[in-house]
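Okay, so chain A shows up in both of these, paired with chain B first and chain C after.
So, the complex of A and B:
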């Protein structure tokens, strides 16, 4: 009866799960805020506290994400894509395509029936194609990131953004505010712009159903709706779309070393 | 006879007035939201310096991103042509022009005073003045100073991101690691130069190379570009003005194409415009 930790140390959020016998015991999420070490410690404490365990009770740690090298315990590094794919497939076994909208990158992953990666595409060169752009515009509009989705759903006439660059899009958003466009319409326009980027990737990859969306972007109902409409697919959202990578890390390390 | 070139860039507006022999005056001001008003103001300022009125100007050519917002211009010409003409007049040996503007960057190929080819990036802030602006803001250093500061670097840091937003994050990470501002800025200039170089090399970089636009005022960026290109580059004494200079040169040519009567009519019309348009005051809310 071993206890396994899965960690996903992302550029914006650090995520931890504790699993036993492939059953999820607890999870925790903390902002990374540029200090990975303190984020890792905080997120471990949260997950261990909820499971009423100490780090000494843990048998194995599997980890993925940009900041994984900062983990102050011995661990096994697993690729982000494998973890996303395995973890999401654990929660929703029918999925064949996974769209992950993260802070620094967006990915489209084709998943096998076993939850393995069949193929993948990553956009990580440009903030306009990642969840980062949502945060940038949220700041311009002085809107809480959590409220973006609700506002977007109320839009009647989404603003058309003409640029693909996050920096220029920020300027354009400011101009639209000055011209009197509503927050709702600006956010919906932003969701369309981000969707256009992801749709271009999806077009190259093909979307086999069922499709699922994970990462911070999946928390944004407006984005999920607009993206689903544009792609003509129902996009499933896991109950907690942020921890799929961490779950995958725990599962894969169990299978490899358990 | 006087000829005027007006270059309304995304960030800076420039006016140049010349006669047959020489450049008489130049005015350089930041571009605001109101292009039209600024075009008038800056033109007025240039004229005042020379004790002239708009009616004394034979021909006005407007160029740049805001060129359609110059109601008193006789002709609009793209900034690519104007930069090419301006540089060709100053440095006839130049075959490749790298223009680094506030929100775009361009590569222009010249052959015997003719425009042969060009490439342009206006889709993305990377490799434009905007990129440098974002980083200098973040570091709390004046944009005018970052070039000099970067030259003091001993170990330039490696900035791997192309995207301005991600480079901003990388910069923060470097700061938290204790990397000096000099080393970060040197890395930033290298990253920017690499981006510009990979765009311009699509049109084949040939000697001589001139750098224009606001980016040319940044010695750190010019040095980084020289490293990339592999030989020294020419920087005009005032790299901001080459577009307006080219526009004024075109203005003097256009004057020769029209008859004396037409020219007088043009000037009279402009005098009338001067009364009606320039006296217009901003209306508030």
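So, the complex of A and C:
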């Protein structure tokens, strides 16, 4: 039986999975922190350790993501969009629309029954339209990223942001803090601003059910709730929405080369 | 384990020998204008007017150069960045048309250098204009571009030729065609008077007749090449077309252009007869919409090599006109009227298709519906240009409508004709890789819907 590694080396997080015969054996996640090579080694160590394997036991590596070219082993590069589609469909086979909110961009992908890409839209390279803005504002508010969702859910009067640019959005968040707006209301307002941009893309593409949300944004419960309300859909969230790309990379490389 | 993560090797993507030879015509135009400057003959800087203004200017003895073609030339040879930076420093916004920005930067350098092209200017540079020939056809920015250039050439007047562009349904109103043609002919008479007054010479109508006849001959042959391209596998690809387009779009009255097209036809026909594809292992047949990223044409070669994608047909407006029925010419002797017919028919030739599919504006959208069938395409590669509004406001609508009505999917790759800073080749490649799955999916959808190819 072959052991396959799937890697998704993103700008914020590096993710690895190990699969055998289309079964997920283990996974690992490490922050990329601007050093892709170190993140790749770390995440491989985590995933291999959990599966009790060594790199020499691996038959194939499939990879996607911004930092994939730093992988120090032979690998097959695969499109991020295809990997997200295949990996998410593996976890939730009924999904037909996938919303991925990553650190670099957001994507809307229509998925076939076979987990392939029926259509896709990718946001402009813009921090205000991706998960990056969540990190920027978390820093302004001195809030841990993982607590933002809970805070957003407590909001009673979300603030209105008037700009579509991350740089000005950060400035506006600082102004709202100075005006005495609560962190809860600022975060919920931020979620609404991000939702408006992604919802516009989603409506262009059309939302076929079941709909799922993945990527770092899916870990933010407040964002998921606001997005679901705005789009009028129940958005499913996989148990681990960060590793879908890595799973897809492993599955596709198996199909192509296995 | 084998590796596929090697660095992408650049290729021109041209597959025809004749395509490799076509840059001769771009260089010829630049050289002739520089020669004219030395000899004191008049030079015009012209937009593509779809032959409406160029043929008359040449018949009266002017040499023409085309800042649009020069923009592509500069981008392809790595000479555009310098001009763009100067345009930026002159205060023009970076969101202006890339061709305009390139020519503004170049014009500033030319004017600062006492109207002598600077050393190392791509292709030897554009010679100083005596006049500007502008056009509002296709693009609103074109109305203002040459007016802006006058800042650097204060003595050169701008003449703008105009073309009625009716909506799809309006085109079929009774008498509309006759009125449109009359409008153009009246307008051309004023244009002739303008040129005669400026250049101090009379238009030789016999010479114009010869030029018009030669133009129709060249365009007819260029259209025959387009028909050959319907073959599967495709005998030539987009990267070939963007080169061979130069003679029919810019120099159709030049007998050398006609001779060149004979060679193109023979080369393409030989491939069709022998079922030789331009790219090995053609798997996906794509239409390309709008102008390409001239600075990164190798991208298309990579798509061919990696995914078997062939660009089998491109943006309708750069192709030769469809043949005009013989009976339309009955009783037409005035060459100005023939010129009017040439341009008017070009811009309305797909209106019947537009009516069939109920799309507007027909001239920018309808051809893709016909192409999809004629060329048996699998997808549309839409390249909205950062700096080109007409390209942007119709492309997404075209993409969506093709998906809905013909189940031909589209992929959007953002970029620019000149400014390579807005074209992310890696991201574009990743999108195209995913688009393979999308095209496979829609092939199945077309089968289910009973669509023939």
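Please note the rule applied: the second predicted complex is superposed on the first by the 257 of 258 C-alpha atoms of A that agree within 3 Å, B and C clash if a C-alpha of one lies under 4 Å from a C-alpha of the other, contacts with A are read in each partner's own complex, and residues count from 1 in each chain.
Heads up, the rule we're going with is that a contact is a pair of C-beta atoms (placed from the backbone, for glycine too) under 8 Å apart; a residue touches a chain by one contact, two chains touch by 3 or more.
Bear in mind that the values here come from a model prediction, so they are computed numbers and not experimental data.
Student: Sharing chain A, do chain B and chain C clash or fit in the superposition?
Tutor: Aligned on chain A, chain C clashes with chain B.
Student: Return first, second, both or neither, reflecting whether A:50 touches chain B, chain C, both chains, or no partner chain.
Tutor: Once the two structures are laid over each other on A, A:50 reaches no partner at all.
Student: Quick one: is A:61 in contact with chain B, with chain C, with both, or with neither? Answer first, second, both or neither.
Tutor: A:61 contacts chain C only, not chain B.
Student: When the two structures are laid over each other on chain A, which of chain B and chain C touches more residues of chain A?
Tutor: C
Student: With the two structures laid over each other on chain A, which partner does A:230 touch: chain B (first), chain C (second), both, or neither?
Tutor: The answer is neither, since A:230 touches no partner chain.
Student: Under the stated touch criterion, which partner chain does A:73 make contact with: chain B (first), chain C (second), both, or neither?
Tutor: The second partner, chain C, only.
Student: Give one of first, second, both or neither to describe whether A:112 is in contact with chain B, with chain C, with both, or with none.
Tutor: Touch status of A:112: second partner only.
Student: Under the stated touch criterion, which partner chain does A:132 make contact with: chain B (first), chain C (second), both, or neither?
Tutor: first
Student: Touching chain B in one complex and chain C in the other: list those residues of chain A.
Tutor: Chain A residues touching both partners: 125.
Student: Can you list the residues on chain C that touch chain A in the complex?
Tutor: The contact residues of chain C facing chain A are 1-5, 396, 403, 409, 412, 414, 424, 427, 430-431, 433-435, 437-438, 440-442.
Student: Using the touch definition up top, name the residues of chain A that touch chain C in the complex.
Tutor: 58-61, 68-69, 71, 73-82, 85, 112, 116-122, 124-125, 204, 257
Student: So in the complex, the part of chain A that touches chain B is made up of which residues?
Tutor: Residues in contact with chain B: 11, 34-35, 104, 125-128, 132, 136, 163-168.
Student: Residues of chain B touching chain A in their complex?
Tutor: Per the touch definition, chain B meets chain A at residues 103, 123-126, 130-131, 134, 161-166, 169, 172-173, 176.
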